[in-house]
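Same chain, two partners: chain A is paired with chain B first, then with chain C.
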Partner chain A sequence: MTLALSERRTKAATVVALTGEISSATSGELLERLMPLVRAGKTIKIDLSSVGYISSAGLRTLLVVYRESQHSGATVTLSGVGEELRFVMSVTGFMDFFETDEPARSEQRRRVAT
Partner chain B sequence: MSKLAQLAERAPELRVPARLGALDDIARYVLALAGRARLDGNTAYRLRLAVDEITTNVVMHGYRGGPGEIVLRGGCDADRVWVRIEDGAPPFDPRDGRLDPAPDVPIEQRRVGGLGVHLALISVDEFSYAYLDGRNISMLAVRTGPGPSTVGESGRL
Partner chain C sequence: MTATSLETMRRIDAYPTHQVGGYGVRAGRPYPYGAWVVPGGVNFAVFSDEATSMTLVLFERGAAEPMAELEFPAAFRTGCVFAMTVFGLDHENIEYGYRADGPFNPVSGHRFDPRQILSDPYARLISGRDVWGTEPNWDDPYPYRSRVCLEDFDWSGDAPPGIPAEDLVIYETHVRGFTRHPSSGVTAPGTFAGLREKIPYLRDLGVNCIELLPIFEFDETDNPRTDPATGRRLHDYWGYNTVSFFAPKAGYAATGRYGMQGDEFRTLVKDLHAAGIEVILDVVFNHTAEGNEQGPTISFKGLGNSTYYMLTPEGYYFNFSGTGNTVNCNHPVVRQYVLDCLRHWVADYHVDGFRFDLAAILGRDLDGTPLPNPPLLELLAHDPVLRHTKLIAEAWDAAGLYEVGSFPAYGRWAEWNGKYRDTVRRFLKGDSGVVGELATRVAGSPDLYAGRGTTASINFLTAHDGFTLADMVSYNDKHNEANGENNNDGANDNNSWNHGAEGPTDDPEINALRMRQMKNAMAILLTSQGVPMILAGDEVGRTQQGNNNTYCQDNELSWMDWESVRTNAELLRFTRAMIAFRHAHPELRTTQHPTGMQVPTTGLPDISWHGERAWDADWSDESRLLAVMRSGTGDEDVVYVAMNAHWDAHDLQLPGLPGGRTWHLFADTGAAAPYDLHQPGAETPLENPGSYLIGPRSVVVLVGRESAPHEQGT
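Here is the complex of A and B:
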C-alpha cells in the first residue's frame, strides 16, 4: 500500500494531491513532505479525492499538521473527502476542525457531540 | 454444500510477524475476505480499519515492538463477517486503551493515542476480547444484514 504526493501551485494555494492510502506505513513520509509547507506559513489545500483509506495513523499526521499550522499561520483545508474518510474523520471529531470544500453533514456532527 | 459448511465458511488463517511491515498483509487478508463475502465498500472499509487499528495496537502496545506473531482467522456466517485476532503478548484488552474524542477539548490539546481503538470499536458491530491459554483473542464482526447472500453460491439458509 503506497501513497503518492503531487504538488502544484495556484494563485490561491499550494495544492497537494494525494493518491493511495494513509496508513501507519505511509503517514510518516506524508508528514515529512507536508511540514516544510506548513512551517512556511503557506495556504495549503490537501486533495484527498484519490485517497481510498485513512487510519488513525493518518489522523495523527493531520493533527500534527493542524497544530503546526496554528503556530506558523498556515491555512490548511481538505478537499475531496469521500464517504469513508468522512466517517473516520467525523467520529474522531476531525471534521470540525478542518475546513473542507463540501458542507459537513449535520447528522454526523451530532453523533460526534453525543 | 451442507448447511453446516455454509454457516461456517472460513478463510485460511494468516500468520504474520508482529511488525508494522506486516500490516499490509493483514489488510490484504481482510479485503480478500470482504470480497469473498461481497461486503459493500463501506462495510469492508470499517472491517479493514478495525482490524488494522487492533493489530497495530498489538504490535505497538501488546508486544511493545518486540518479536512476536499475530494470527488472523476470518470467515462468514449467514449474517456477519468476522475476524479473530490472536497474539501471544502479555494480557492486553484493547478496550483499556480506548480514548473517546472529547468534543469540548480543542484539537490541538487532545491526546491522540487511543483514537485508533475508538475507531476500531465504533467501526464494527461486534467486539469481544478474552485472554485464554496465554493468548490475547479479539473477535471483530460486521453484520451483513438482510439482503443478498454473503455465504456462498447456494444462497442464504
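Here is the complex of A and C:
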C-alpha cells in the first residue's frame, strides 16, 4: 500500500493532493508531511479525489490533523470526498469535524445493501 | 513552537528484547487484558489458569492461513497471565487468536486443544461476520477473529443524560429490525446508522431511553432450522447467543466491512444523547454461543472451561439457561470479566445502563445454588464506573428460579416486573378477581418493592419475548409454525384475547374493540407508578401474525413496517399523547410508593381508589372496574384514571376537588378519534362536572385543575 503526496500553492491555500490509500500503513508518513504545514498555521486543503480507501486509522489521522490545526490556527478543509467516503465519515462521526468544499449532499444518496 | 517532553520522549520498553517467530518482542504487561496498541507495538495479554503453554497466532487480515505463530516464552508469564509485546505489526491489518495447550479431560473440566485457534475473550473488535446474513465459510478454522483497535473516539463533550430512573420511558427495540424494512426510508437499513436517522421519530414519540436487544458480536447464521412452509433459512435474529462480549456486532454497522462498527455505534450513542435519549443494552451473561459438549469451541472452552462454565461433578454443562451451558458468573475470575466488560461499554461506548437476560443465573453459586448475597450482583451495584448506570434484571431463569420482587438489589437493581404484565393483561381481557392486584400493580407493586421504591419496577405489557400489543388483542394462541418446531416453542400462557376472531378480520366491531384495547393498555401502562417500557412498534400496532417467539425471523414478521406510521396514525397519536401526559405529571412518577397519606397542597391522599361511587372502590371478585386518583406535591393537578374492563358502560361519580379545581377530560378510549384525547395542558372541562359515563372496556383519564382563563365562564 502506498500513498503519494503532491503539494501546490494557490492564492488561497496549500493544496495537498493524495493518491493511494490512507491506512495504518501510510498514515504515519502522511502525518509527518502534514504537520509542518499545520504547525505553520497554513490554510490547507486536502484533496482526496484520488484516494481509493481510507481506513479507520486513516480517518483518525485526519482527525489528529484537525485537532492539531485547532491549536496552531491552521485551517484544514477536505475536497474530493467521494460518496462512499462521505457516507462512512458521516455515520462514524468523522464528518462532524471537517469542512468540505463541496456543497453538503443529503445522506439519502443510495441504499447500502446490508 | 517547541514540543513538550512528553511528545518527544521515548519509553525504554518501546524496544524488543527477544525474537520470536520472526518478530521482535519483549515481555508484555499482564494487564489490561486483551490487545492494546503501545509505543512501537501491540501488547497481548491473556490468562488461562491451567494452560501449560500459549501461542499467539497472527493472520494477515482475511487470510486463510496464519502468517506467524509466536509461542509465549516462559519468562513472559506472570501468574497465569501470558503477556507479550510484539513490535513491527501493522495493527490494522492483522487478526489474532490463541492456541492454548493443557490437559484435555472433560470429567475434570478441562478441554484444552492446541489445534483450535481461540478468540480473545477481551477482543474489542471481531471480524468474520462483517455483513449480516452473508453465508460464512464453514471450513474456516478460525471463524470469529480478534482484531486490534483503538478506542480514541472523539466524543466532543458527550455526557450521559443522567435521566432519573423515575422519569424514564423505555423503548425496547432491535437494531436491525427497527429500520430493515424497505419502508424505513433510511440510507443504510438495519444498522446503527439507520437507527440514528430515526432519532427524530423517537424524540417525537417522547421516549427518552432505548433498550437494544443484544449488540455484542453474535453469529446470526448459527441457527440450523428452516421455515417448514417456505424452506427459507432461519437466523439467530435476536442474538441472545454471544460470541464476543467486548465487540459490537459488525453486521449491525453499515461500516462493519471496514471494521468501523465501534465508531458507528458511538456516533449513534452520541446523537441519541444529544436528543436526550439514553441507551440501555440487553446483555447476556448467563450463557455463551459455545453450547454444551456438542457445541463449538470459540474461546472460553479452550482457555478455561471449568473457570467460565458451571459444570456438573461429571464435567457436563449445567443448563440453567435452556441453551446448553451456564456461565459461571460467581467465579471470582468471571465476576471480574463481567465487570470489565460492563465498564468497557460504559467508558468506551457511553451506554447508560444494562438489562440482564435471565439475571437470576447471575445469583447462582458455582454449583448452581441460588446465593443469598451474590457477589457479582453486589459488585456491579457498587462499582464506581457503573455507579450511575441503570441495572435491570430479568429476574428469572430457565431452570425455575423466579425472583421478581426478591432479586438481590443492593439499592440499585430494577426488575422486569413480570407480574405487572400478567396482571394488567388479565384485567384487560376481562378476567374476574383481578381488580385488587391491579391496584397493587398500578401503584408500583409495593408488595414486591417495599423499601426499594417504584423505580425497581420496570412495568411492561409486551417485550420482544412474547406477543406484540396488536397480537395480544388479536390472538388467543401463539402461531409459531414458521419457527420450524411444530409450534412447540414460545410461551403458552399469554393472557391474550382475540376479541372474537383469531388473527386479522374485516369485522369492524372487532377491529374497533382491538384498537380500544391497545389504547387501554397504553393508558394504563403510562399512568402506572414504576418505569414504563414500550415494545418498539406497539405504538403503531406492529403484528408478528401471532408468532410470540420471533427469535429466528429476520423478515417482515419482525421488522418494523414504517407504513404503519401512516396507516396507524390514530394509535401513534394516542401513544404520543399518553407519553407526554406522563412527562407532564410528576405525581405519576414519584420514587416512593404512594401510601394514601394526605398531600398538603391539595388536601387529598396521594393515592385513592374509586368505583362507580367516589371513594368506594368495588373490590369484589366480579368487579372489573377500578379508578385511581393521584395527587402529588410536584404538581398542583390531580389525575384520575378509570379503568373499565367490563363489557358494560358505568356511570362514574367523580370525587370532589379542592380549591377551584374542576375535572377536565384528557383521554377517553371509548370515544372515537380524534375525540379520544386532548393534548396535555389543553384538556376540556367536563360538561357534567361531577360524573362521567365510562364506556364498555374503556379507560378514562381526567385532570383536576383550575380552569384556564379562556375556559372560565363557559
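Assume the second predicted complex is superposed on the first by the 104 of 114 C-alpha atoms of A that agree within 3 Å, B and C clash if a C-alpha of one lies under 4 Å from a C-alpha of the other, contacts with A are read in each partner's own complex, and residues count from 1 in each chain.
Assume contacts are C-beta pairs under 8 Å (C-beta built on N, C-alpha and C of every residue); 3 or more make two chains touch, one makes a residue touch a chain.
Just so it is clear, the structure is predicted and the values come from calculations on it, not from any experiment.
Trainee: In the overlaid three-chain picture, which partner chain does A:Q70 touch, first (chain B) or second (chain C), both, or neither?
Mentor: Once the two structures are laid over each other on A, A:Q70 reaches chain B alone.
Trainee: Check whether A:A25 is in contact with chain B, with chain C, with both or with neither, and answer first, second, both or neither.
Mentor: both
Trainee: Can A:E83 be said to touch chain B (first), chain C (second), both, or neither?
Mentor: First partner only, chain B.
Trainee: Under the stated touch criterion, which partner chain does A:T10 make contact with: chain B (first), chain C (second), both, or neither?
Mentor: Neither: A:T10 stays clear of chain B and chain C.
Trainee: A:V91 in the overlay: touching chain B, chain C, both, or neither? Say first, second, both or neither.
Mentor: It touches chain B and chain C both.
Trainee: Considering only touches as defined above, state whether A:R39 meets chain B (first), chain C (second), both or neither.
Mentor: Only chain C is touched by A:R39; chain B is not.
Trainee: Shared contact residues on chain A, chain B side and chain C side combined as an intersection?
Mentor: Common interface on chain A, chain B vs chain C: 23-25, 55-57, 60, 63, 67, 87-88, 91-94, 96-97, 112.
Trainee: Give the list of chain A residues in touch with chain B in this complex.
Mentor: 1, 23-25, 53, 55-57, 59-60, 63, 66-67, 70, 83-84, 87-88, 91-94, 96-97, 112-113
Trainee: Going by the contact rule at the top, pick out the chain B residues touching chain A in the complex.
Mentor: Spelled out, the residues of chain B in touch with chain A are 20-21, 23-24, 27, 41-42, 45-46, 48-49, 52-53, 56, 101-103, 107-108, 110, 112, 115-116, 118-119, 122.
Trainee: Show which residues of chain C lie in contact with chain A when the two form their complex.
Mentor: Contacts found on chain C: 1, 90-93, 131-132, 149-150, 152-154, 156, 176, 180, 185, 187-193, 196-197, 251, 254-255, 258-260, 263-264, 266-267, 270.
Trainee: Which of the residues in chain A end up touching chain C in this complex?
Mentor: Chain A reaches chain C through residues 23-25, 39, 55-57, 60, 63, 67, 72, 87-88, 91-94, 96-97, 107-112, 114.
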